[in-house]
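What follows is a set of structures for review.
Two complexes are shown next, each including chain A; its partner changes from chain B in the first to chain C in the second.
Up next is the complex of A and B:
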């Protein structure tokens, strides 16, 4: 229990950030929740519709469900690229003797390039007329049969818009995980090695358990960022062709600002908030159970 | 915690209620001659036109001239050339009741709602009071009108849309320029067999493909089809609707558009045509400076020609009736309309046509003659002359007609239909149910 005076000082220091958080995060969420019970196009009178928007979203909107499953696919690809890639590169980095800084900088580079530049870059890479880098590479290595307009093919477009987002932040998570790996006590590793542990055992029994808290944080970060992914798919394909790369976020944006259906867009926004909370809860639950086991 | 929650909810409700109360201007939109003193101040024009284009350059100059006699006046031009971004900006500002003195909009259902709420000055009365109404081309004004015939936007352009084609490439494939819309699929097959891309299209911006869906119904059933379709009174399942759906599917099957067209942009498509890789390209007279002057690639310059929208057998509209838009129009905010805005518009609108025609573009008025640039090819003059012989009807671009949700869905489904990802039947069902669901909200 804190003495009175220090409780007051804690309050004084906590209040400004809490207020800011309330205004910038909680207030808009509350406002969305409020708006989700209305039908409003911005210039008409607001009409209270009760739960009608939720009923429409969950039972009568095929694009909503399509976007939801697309968003899950997008998330899966981003997570594999970001966390899997980051863990792999970070582990390799620890065993490198030279050029670590160079590799780190190279991997981190995409995270500092503007999103718009990345989107345009990848539109060029995936292009078929004129031939882009990816199709050219496939042609050179004799896989010409795989050449295709990656962003116009409804079977490849979701992966094609997810990859740049995954690629972009691999470096960032790699840095975090690398820093965590450096903190693994050397004595423990050496002791294990003397006991005859293989590299794989060393990784699974010593290194990974040690970086678990950092791993949980990065997983939560990557998942929430992935669920909120918007800019790259929006810029590259605008959700198309058809709804093949439509995510909940791009659909919500279009519903609000193209269809001017602010009430329904708020309903989707509320769903995204709930979805993010559920995702974080699930991650914590699963990892905790694993740790307890 | 519960208390905090309740307070936040009340605050939200209060904020929204206050925002709602602020809507609606006090001015009368039909009062076009406000009385009082002209007090110079800054006025703003929210617009969606190229930043260094003729309209902006001329209006900037006219504003400077006006400011010489009215110290303190200035015209703040806020442009967002990318149309989807612009529309979002406009709609958001309209929702916040923060529209500036002048703003651009097409004759969309959203704009019609603004007009119904009295937020836009009656442009017909305004132009008549400034004594310039009769100078305008009737079709330039008609393009800006809502379905009820009311006029709330002022045009600054007049364009004609043509199908440009490369004679040499058609000859190489052994086909003639299409005489009917129904000739196009077979033409595409022949061009593809000769290794030529038949039609270059900017798929990324979506409106170019949406033009194609408008053509068959305009020939088959006239301009009324889209007016009925958008309200749900006509359907894609009707004969005129089915004709366009089947035609688009056949364009897709004949691989008329370049591979991967849906992710290619405006300049990609134009480059394909001007570099001699694609045989056809559908674009308006705003591209005359690139297509009908010595700026055009010399290797294709002698081979380029254009045709107007082909007719079909039994067509109810004539060959001289096609897409002739007068571009996005300028609306005048009724709430901020005062003697200054009125006086400036009088000054600008009387001087604008001659300045605009001098740049080589078609003026929305008939009282000036367009100057053909010195570096023009013979096609330039030929294109301008088409404006003198237009029929009474015009094909409206569907993106300005449909409600925004239906429009967005149509743009998405069109790509799928042309790519062969969905069948004509699926397209018809999806679109008819989308219209049935969304149209009533906008056209009640």
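Up next is the complex of A and C:
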């Protein structure tokens, strides 16, 4: 604490940021919570409905549950691509002697590009008429039977809209994990190698435990980002065909701005927040139990 | 004391130099060959789609509609770019994105620094509580703010303005910025502040003359990292902006889809190439600083 500070000076520095944060983040959260107990289309009078929105969401809305499970699938695919891919590439990169910087830059490239551009790009990659990159590739390696319009096939559409999001941010997570792997003490690895540890043992017994704190942060980041995923599915399929690629976020958006059902949309938004908090709590809880065991 | 230590350290320092060649001779190292092939493959997957995007923007329409997508174009044309500029308002979109990015960055840096200064340097009784409050903004998804802000904006006539995009973009980015500045301020030695205090400098002068000038590197980091996300923001712009004149790049690009009944893909790809160029150039020039920023942002936050 500065000796010469006054209570006023603390307020001068603290109030402006708190004001912006309050207007943009805290107040809207309270407002959503408030709205979730009302039925309102934005024009007529607001009508207090108590828990009716929540009851409707949890017991009577099939689309809600469909979107919920789709969102979990979307999250799973993103996590595998982002964290799995990141860990793999980061580990491989530490064993390389040259070209690390170049590969880091190239790998991060997709993260700089807007989701709209990525959505356009992948619409063409998945397309069948004219034949896109994916179908052409399958044709060449003799898997022509798998060729299909990936975005209009209800069995593949969810995976097809999840993959670009995974693809986009693998580089970001790779950077973080790579930086953590570099901080593993060289003496420790050297000693283990002298004791005859295999590469796999080296990884599971020394490297991975060492980067655990960073791994937790990265997992939490990837999970909360995965649960709020919106742009790419919204732009590529808008939840379709039917509801096969509808996520909670796209469903909430359409409820709010297409059906103008602000009350019910807020209920879904509150659910998304709760879902994020529960996910973060679960990750911390599971990792803590693992560490204790 | 020092004499016996010297010969003892020498063999250990010499060890790393002598080991690798021995190991290389013993086995033709299948592992490193495999890992190199794997890395090359993954890099191709990451980069090829972007290269393809650029190549396609130079194809003739006929070539695009009929040819093999992997083949090199039979002839190169800049016509797609001419059509891209005719169809849309690319210049205006880029200008709008620039204004929004600058505005939000200004708020994020200034307010982030102020909050971190109050929390880390000045200190006060409820600082733990305030920190916790800011943590909420990192976990909570941005979608929660869409409906409330839309309603609030329409009551105070702020819909369809630059601030309607800048406020939530800055608000949701503020926590990360505060954490980055806080962790930097920790490194400024307390004695610096105490000395300045003894010379009679108050909290405002210390902020302006010591903290601010020392933080230039962190400012660059914060601006670079946030610019990526703000420049590419789709959800706030799509929700709050309606008029053509305010559309940022992501919204401008959307105009290309089905503008003439059927989508002109080669022109669309040309437009995409034009709009990703500014950020891509900044990224390629400053990628060291950007990479460093992304790394520190995550490991500290």
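We adopt the following convention: the second predicted complex is superposed on the first by the 270 of 293 C-alpha atoms of A that agree within 3 Å, B and C clash if a C-alpha of one lies under 4 Å from a C-alpha of the other, contacts with A are read in each partner's own complex, and residues count from 1 in each chain.
Simple rule for what comes next: a contact is a pair of C-beta atoms (placed from the backbone, for glycine too) under 8 Å apart; a residue touches a chain by one contact, two chains touch by 3 or more.
This one's a predicted model, so the numbers in the text were calculated from it and none came from an experiment.
S.K.: Look at A:75 in the shared chain and tell me whether it touches chain B only, chain C only, both, or neither; answer first, second, both or neither.
M.R.: Neither chain B nor chain C is touched by A:75.
S.K.: Under the stated touch criterion, which partner chain does A:104 make contact with: chain B (first), chain C (second), both, or neither?
M.R.: After superposition on chain A, A:104 lies in contact with chain C alone.
S.K.: Have a look at where A:90 lands relative to chain B and chain C in the superposition and call it first, second, both or neither.
M.R.: neither
S.K.: Of the two partner chains, chain B (first) and chain C (second), which one does A:114 touch, if any: first, second, both, or neither?
M.R.: second
S.K.: Just chain B (first), just chain C (second), both, or neither: which does A:43 touch?
M.R.: A:43 sits against chain B, while chain C stays out of touch.
S.K.: Is A:158 in contact with chain B, with chain C, with both, or with neither (first, second, both, neither)?
M.R.: After superposing on A, A:158 lies clear of both chain B and chain C.
S.K.: Of chain B and chain C, which one contacts the greater number of residues in chain A?
M.R.: C
S.K.: Considering only touches as defined above, state whether A:262 meets chain B (first), chain C (second), both or neither.
M.R.: The answer is both, since A:262 touches chain B and chain C.
S.K.: Who does A:254 touch here: chain B (first), chain C (second), both, or neither?
M.R.: After superposition on chain A, A:254 lies in contact with chain B alone.
S.K.: Who does A:170 touch here: chain B (first), chain C (second), both, or neither?
M.R.: After superposing on A, A:170 lies in contact with chain C but is clear of chain B.
S.K.: Where on chain A do the contacts from chain B and from chain C line up?
M.R.: 26-27, 31, 35, 42, 130, 257, 262
S.K.: Applying the document's contact rule, which stretches of chain C touch chain A when the two form their complex?
M.R.: 15-16, 31-32, 35-36, 38-39, 42-43, 45-47, 49-50, 52-53, 56, 64-70, 107, 111-112, 114-115, 117-119, 121-124, 130, 133-134, 136-152, 167-168, 170-172, 174-175, 178, 193-194, 197, 201-204, 206-207, 228, 231-232, 234-235, 239, 249-251, 253-254, 257, 265, 268-269, 272, 275-276, 279-280, 283-284, 287-288, 291, 294-295, 298-299, 301
S.K.: For a test of understanding, state which residues of chain A touch chain B in their complex under the given definition.
M.R.: 26-27, 30-31, 34-35, 41-46, 63, 123, 126-130, 148-149, 151-152, 154, 236-243, 254-255, 257-262
S.K.: State the interface residues of chain A toward chain C in the complex, per the touch definition above.
M.R.: It is residues 1-7, 9-10, 12-14, 16-18, 20-21, 23-29, 31-32, 35, 42, 85, 88-89, 92-93, 95-96, 101, 103-117, 120-122, 124-125, 130-133, 136-137, 167, 170-172, 175-176, 179-180, 190, 199, 214, 217-218, 221, 224, 227-228, 230-231, 235, 249, 252-253, 256-257, 262, 265-266, 269-270, 272-273, 276-277, 280 of chain A that touch chain C.
S.K.: For chain B, which residues count as touching chain A in their complex?
M.R.: Touching chain A from chain B are residues 8-9, 11-13, 15-16, 20, 23, 84, 87-88, 91-92, 94-95, 110, 113-114, 117, 197, 203-204, 206, 258-264, 268, 272, 404-405, 408-409, 412-413, 415-416, 419, 421-422, 438, 441.
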